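Going in written order, the chains are labelled A, B, C, D, E, F, G and H, and every chain counts its residues from 1.
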Amino acid sequence: MERVMMKGNEALAEGAIRAGCRYFFGYPITPQNEIPEYMARRLPEVGGVFLQAESEVSAINMVYGAGGAGGRVLTSSSSPGISLKQEGISYIAGAQVPCVIVNVARGGPGLGGLNPSQSDYFQATKGGGHGDYRLLVYAPGNAQEMVDLIGLAFDKAEEYRNPVMILSDAIMGQMMEPVALPAMRTETTEKPWATTGKQGRSKPNIINSLGLVGEDLERINIELQAKYARLAAAEVRYETDGTGEADLIVVAYGTSSRVVRSAINRLRQEGKKVGLFRPITLWPFPKEALASLAAEGKRFLVVEMSAGQLVEDVILAVNDRAKVSFFGKLNGTVPTVREVYDRILSSLPEGGEG
Amino acid sequence: MTHEMVCAGFGGQGVMLIGQLLAYGGMLEGKEVTWFPSYGPEMRGGTANCSVVISDQPVGSPIVAEPDGLIAMNGPSLMRFKGVVKPGGVIVYNASLIEELPEQPAGVRLFAVATNELAQEIGNDKVGNMVALGAFLGLSKVVGLASVEAALEKVLPERRHHLIPLNISALRRGWALTEG
Amino acid sequence: MARITIDQERCKGCELCITVCPKKILGLAEEINNQGYHFVETKGTGCIGCAFCALICPDVVIEVYK
Amino acid sequence: MKKVFAYPRALTKKRTHYCPGCTHGIIHRLVAEAIDDLGIQERTIGIAPVGCAVLAYEYFDVDFQEAAHGRAPAVATGIKRVHPESIVFSYQGDGDLASIGMAEIIHAATRGEKITVIFVNNTVYGMTGGQMAPTTLPGQKTTTSPYGRDTATVGYPIRVCELLSTLDGPSYLARVSVHDPAHIKKAGQAIRQAFAMQVAGKGFSLVEVLSSCPTNWGMTPTQALTQVKEKLIPYYPLGVFRMTEEVAGDDA
Amino acid sequence: MERVMMKGNEALAEGAIRAGCRYFFGYPITPQNEIPEYMARRLPEVGGVFLQAESEVSAINMVYGAGGAGGRVLTSSSSPGISLKQEGISYIAGAQVPCVIVNVARGGPGLGGLNPSQSDYFQATKGGGHGDYRLLVYAPGNAQEMVDLIGLAFDKAEEYRNPVMILSDAIMGQMMEPVALPAMRTETTEKPWATTGKQGRSKPNIINSLGLVGEDLERINIELQAKYARLAAAEVRYETDGTGEADLIVVAYGTSSRVVRSAINRLRQEGKKVGLFRPITLWPFPKEALASLAAEGKRFLVVEMSAGQLVEDVILAVNDRAKVSFFGKLNGTVPTVREVYDRILSSLPEGGEG
Amino acid sequence: MKKVFAYPRALTKKRTHYCPGCTHGIIHRLVAEAIDDLGIQERTIGIAPVGCAVLAYEYFDVDFQEAAHGRAPAVATGIKRVHPESIVFSYQGDGDLASIGMAEIIHAATRGEKITVIFVNNTVYGMTGGQMAPTTLPGQKTTTSPYGRDTATVGYPIRVCELLSTLDGPSYLARVSVHDPAHIKKAGQAIRQAFAMQVAGKGFSLVEVLSSCPTNWGMTPTQALTQVKEKLIPYYPLGVFRMTEEVAGDDA
Amino acid sequence: MARITIDQERCKGCELCITVCPKKILGLAEEINNQGYHFVETKGTGCIGCAFCALICPDVVIEVYK
Amino acid sequence: MTHEMVCAGFGGQGVMLIGQLLAYGGMLEGKEVTWFPSYGPEMRGGTANCSVVISDQPVGSPIVAEPDGLIAMNGPSLMRFKGVVKPGGVIVYNASLIEELPEQPAGVRLFAVATNELAQEIGNDKVGNMVALGAFLGLSKVVGLASVEAALEKVLPERRHHLIPLNISALRRGWALTEG
């Protein structure tokens, strides 16, 4: 397939359109503006709707409306904007409305800065909003995955009637890489539950997340939890690179996994046995895969651009069957290949030199 | 083989563009490539640079901390990056703005290009960046000149395609410097 | 007689003062300042101290004496 | 004998949870009658607010979506953009629309979003137990203005129709009251007109209905309607604030 | 001291006033309306300011302003409203502005219901907003603690210049219990950093959370992390009841800890060796205390009104040195004493019958 | 010779990060002059927006707080309620104030919050690279209205002064422009009047300043000022929209 | 001649219809319905079918025939 | 000793108040107490109940699932709760609204009080709840009558203090029923 160079953000936007997305509601914020700007140009060309909302709060509620009405709908923002969307995300999850939400994360807390960051991991995976809900969270590792995972995200959102998040960051979004774009497809999923007007149906369709009676709400939550269990069983994705022979496995996703890959390549050339474990779904977390690597006696090093969030899930997964160490870079800075290289070297078990 | 390069300069000097051309040229030759922009702390104006990686295997970090190639279009950029260029690497710098001969980093080839003057010779002082890129290609051979010329069509927006011949002349002018 | 002072390091060469000077005595210098801008200088005489230049300068480069 | 007043088709037979004498019920019926009249039941989608009308979707026999508090206009926008041929209305209280949802209503209005908004102004937060609303009258006691609304410290009520009438997007804006049968009839006509605008493809339409909350006003239903007449109407004058062009809107 | 019966919400409000709180900004939401309504009556009596904001978003930003200006300021809300505050909370944490935020949690996700819930635990402890920040989170277990912890919350907020959250729930807020109220005290903390107008100072005071240069933001974050480490070392609180002799320790906080206490009392009467471990600070989490109990070979049962959130922190604390089981009730329902009793009984080690 | 135009005391000497010819700089100076004139530097607290003026706190020599995007009026309210004797002003762009911050500005205005708002309307989102704002003119091209603002689908610009003038809370509302020296002088007077209102203890005051964004408009600074004069002013008429009572406000 | 029907189970006894009936023929019953409300009943004759009662009834209890 | 009680009825019958009086009375006797309200699923009107716990040790759950005392002011409340009252417990029910004699739960004392009639005797039909509470106190002796009477002053708002004597009469009238 022909490859073209695209910025990650634009690759994602084009990928969404080719996956049948026809509605975009968002609000400008750096470093994701390429997405709405691309959509503003492209969606009218394919008969879709681009609308700049008055705020992130409004955008996520437009998404809730459009998704509830059966549209393939996307929104994107960056960290502070995603925080503003938390109430809406909780509603969407509670009402089981499919949609895709992109977070091109930047440094926080507060206004923070425009540099990449991975400190929104907890927010994405444990739920920044209220209540027991889960998003399916994909973390692309290159521009091609931006295209591929956004397509998958729409399919899974509709299959499970659940919001899906793409957790990207400033580097993944701004970087250009070659991508092969899939052919345009148009949405076909049946949505008998959507608000379309009754159109002769005997019962109205209602989209809501209300359970005023305790037992009603419990029933809704039991249903949600059952769905999450199905998701957790079927949708885990990850990539391993040389974990089989490795003495030390580095766990990282997104931008930091790329830095890790460079460091590992260098170390391998030097004969070190180091592997990479890259979660592609952050939720459901690839718990079992890590647990079985732990059972084989591997050590783990978690590298992330945060004060330590992913590391908790790794510890929960390996649960003391293995040593887990952590290398985090605080918001605003990206670890260099040399830093990671040095850190891996010092984490290698004694005598681990192939 | 993995080549890691930095193109740096003032905003407006077209350093982002030559980085993209390098990367695109690499892709057209079937390589794995990345291009990554970085702006100075000032939001408006100021300096800018981009990292380009060209490799036969999937690219890891797109941020180049220790390049083996540098195109420095102004003094501050040269100062900032020349110390991190790896031994065996190549630096092309803009002699039109950098008058003092910089101290020679060990094991690195330093090549001066009077971009403004050469661009004016060609007839448009905006293409100094292309002259510098041409020289860099001539020295480093990271990507073939033809591939970069082909990339122009992909990278430049339609409405600037009439400038392609001019850009090609500038690239060739730069390349020619390195043949001498 | 009136005169102005120009804090040339602050000037960004936007030319707004040049446009509004009724006496047309302002112009950009050949040289650039440390910010990289061609700065404004007085190119002629006859300043009337109207302060139009100072009023419009976004960078508060100009002070006026009369 | 002919039935001259019948139960509207667009209402379900479910008993409402509203307090006795609460005018939310009247307004529901007027909306249902407009839907019946215009023959749009099969293509209408409603948005329920968070407020006493939170369960509106149980009372209307049309598709519905429950919005987050204040966000009904955004939800309506999302729906309308997906189904431009459908008739989308939101039903919102004064806390919902004029307090937390102020940005959403102004922007839907200025966008000329082709939706209809039924705005129920009862000068309090009914559902949460009678707190002060942006429309609470000066001096009015509520649970969060226990000494009476003091304009010197908490400011003045907002007149929503007047506010929106400075925008270019709306095609129809009217304020009506339901405190007696004559006004109820007029209110019904205004609501019908608002829907007709949407049927005709015109922009944003909104009807503000002065409503009562006997429970939180601490009055009987009848006293509460007197209050609407004597205190609310003088502060919130009735009338049409925008009418781009009258449309009949019949497509039944 | 004389005791009076008060609803938890009102006890908290009066406690805040007696701790010198003079500013309240909030927006109505059930089941916490007693707090703003109480404040609306009481604050004017003591020369304070009660202001009903136009929304939760606005309320938290008023808090940010008032706290930045040096006021002792409180806001309260319930789950969906707390979700809306996430951006503001992240700003407040990033700018190191002291304030107290109360979440009288209710069932979610989405609109949910008015019943109590503990499903906002992750949001409170891991940060529902963007970036690596932490709140000091107190979970009161009775009305007296509502009074005592709110006072402590203000002191700690100012000591550490950090937002403090009180995580309560619908039952804790609505229940009446006797409380002894402390004497009125007035604020005295010096706040040389506050925005007061320069008043002759040579340098302006600036309250912000911006770090446009990556390294600036990193420095801010290093400072924050150092503060969190101090907090974690000094501010852990918990209560134990019979954990010494216990074979099984039940971990629970807030409302569920009360149900657990009833069940345990019953079991003890029957000679069972069961203890209660009640975290009072949810962050910093009493990790060490649990770890050392685990080292003694105890088993753990976590009881919470959620699909399982606290349980992750318990597992991270004991880290496979002990068996941890979990009993959760989904949103909208409270476990009964009998349910918990039965569940404990079935979790007891064989022969654990003292 | 006497200095007839001097660098204001309330500005620091820090060079701004604004683009050459950007009128944010002029507006900063006018605010600083008003502060100097009224002798209130030591008791003034500013609120910086998220927008190109995000670093305003580096340019004014007064206490400052950085607000979240759009929330400056709420932050100002919090500060003013703690220090009623201080002079609190927010400085906000059109994206900040009229889009995401619409609810906050309307409610601060209707509360008659005793703060001063400097509202810089440059019809785009400057800082984020020129996206459409609520004030973008019909037909104007921006990065998110690449085919020109189409009022049929995204609606009409909002005239903020007209909108706020329907509320009872404001004591002073004016729209000014800074496209030439004469207008700059008038703008300075309006800004001074707005602060004077606050010094005199009156309610909410706001000055909307029509401003340019040469960078995102793709124009030279001079062309951009011509654009303000020829395109913006006709759509956004200059004038005083509310003036409860003129106050001198000198307390220097 | 006109008449009304009353769906007594829906009535909440708010008395609004009673207040507006120009003929004053409506009143509350002694009994209560299953919702616990004293419901409305016709206490007299002479209904003119004006439908005021139906128009004002928040619970759509009344239908009118004429 | 721990006593767990439920007071239940229609909204407006004053069941929340008698629960609070019970709890407050307990507190005045130095006990640990809790009171917890619960409203039906209907937001407006409908049924309501409250749980009261009185104990010599700190109270655990404030929600009473298996009470040893029940005051049921209407039929639905009696139906809902009578089955969960513990053996040895006491039920006072409102015979003015509950005409049929309910089935006797095993080991539970069932006591009928014609609250409306008795209240009317005293001169105010609003104090039926107090009559029921008085009877419950007489039967259960959970809290002394004097403590509950003292609690009235704390629980009733100032503006209703003139009604305290009336309430006391009603309480005593109820108590008297159980002495017979």
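In the analysis below, contacts are C-beta pairs under 8 Å (C-beta built on N, C-alpha and C of every residue); 3 or more make two chains touch, one makes a residue touch a chain.
This structure is a prediction, so every number in the text was calculated from the model and none was measured.
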{"item": "Shortest chain-hopping distance from chain C out to chain D", "value": "2"}
{"item": "Between the pairs D-E and C-F, the one where more C-beta pairs touch", "value": "C-F"}
{"item": "Distance from chain H to chain B - Cα centre to Cα centre, in angstrom", "value": "87"}
{"item": "Centre-to-centre distance between chain G and chain C (centres being mean Cα positions), rounded to whole Å", "value": "84"}
{"item": "Rounded Å distance between chain F and chain H, as computed from the means of their C-alpha atoms", "value": "63"}
{"item": "Inter-centroid spacing, chain H versus chain A (mean Cα positions, whole Å)", "value": "55"}
{"item": "Chain F: positions in contact with at least two other chains", "value": "18-19, 54, 66, 68, 99-100, 102-103, 106-107, 127, 134, 154"}
{"item": "Per-residue multi-chain contacts in chain A, two or more chains", "value": "51, 54-55, 57, 80, 87, 91, 95, 110-111, 208-210, 212-213"}
{"item": "Interfacial residue positions of chain D with respect to chain F in the complex", "value": "99-103, 106-107, 110-113, 134, 151-152, 154-159, 162-163, 165-169"}
{"item": "Sites on chain A touched by chain D in the complex", "value": "23, 25, 49, 51, 53-55, 57-59, 61-71, 73, 87-88, 91, 95, 195-200, 204-210"}
{"item": "Complex contact set, residues of chain A against chain E", "value": "57, 79-84, 86-87, 90-95, 105, 107-115, 117, 119-120, 122-123, 126-133, 208-218, 220-222, 224-225, 306-307, 309, 312, 315-316, 319-321, 329-333"}
{"item": "Residues of chain D touching chain E in the complex", "value": "50, 54, 66, 68-70, 95, 99-100, 102, 125, 127-129, 131-132, 134, 143-147, 153-154"}
{"item": "Chain A contact footprint on chain B (complex, rising order)", "value": "20, 23-24, 27, 32-37, 57-63, 65-66, 154-155"}
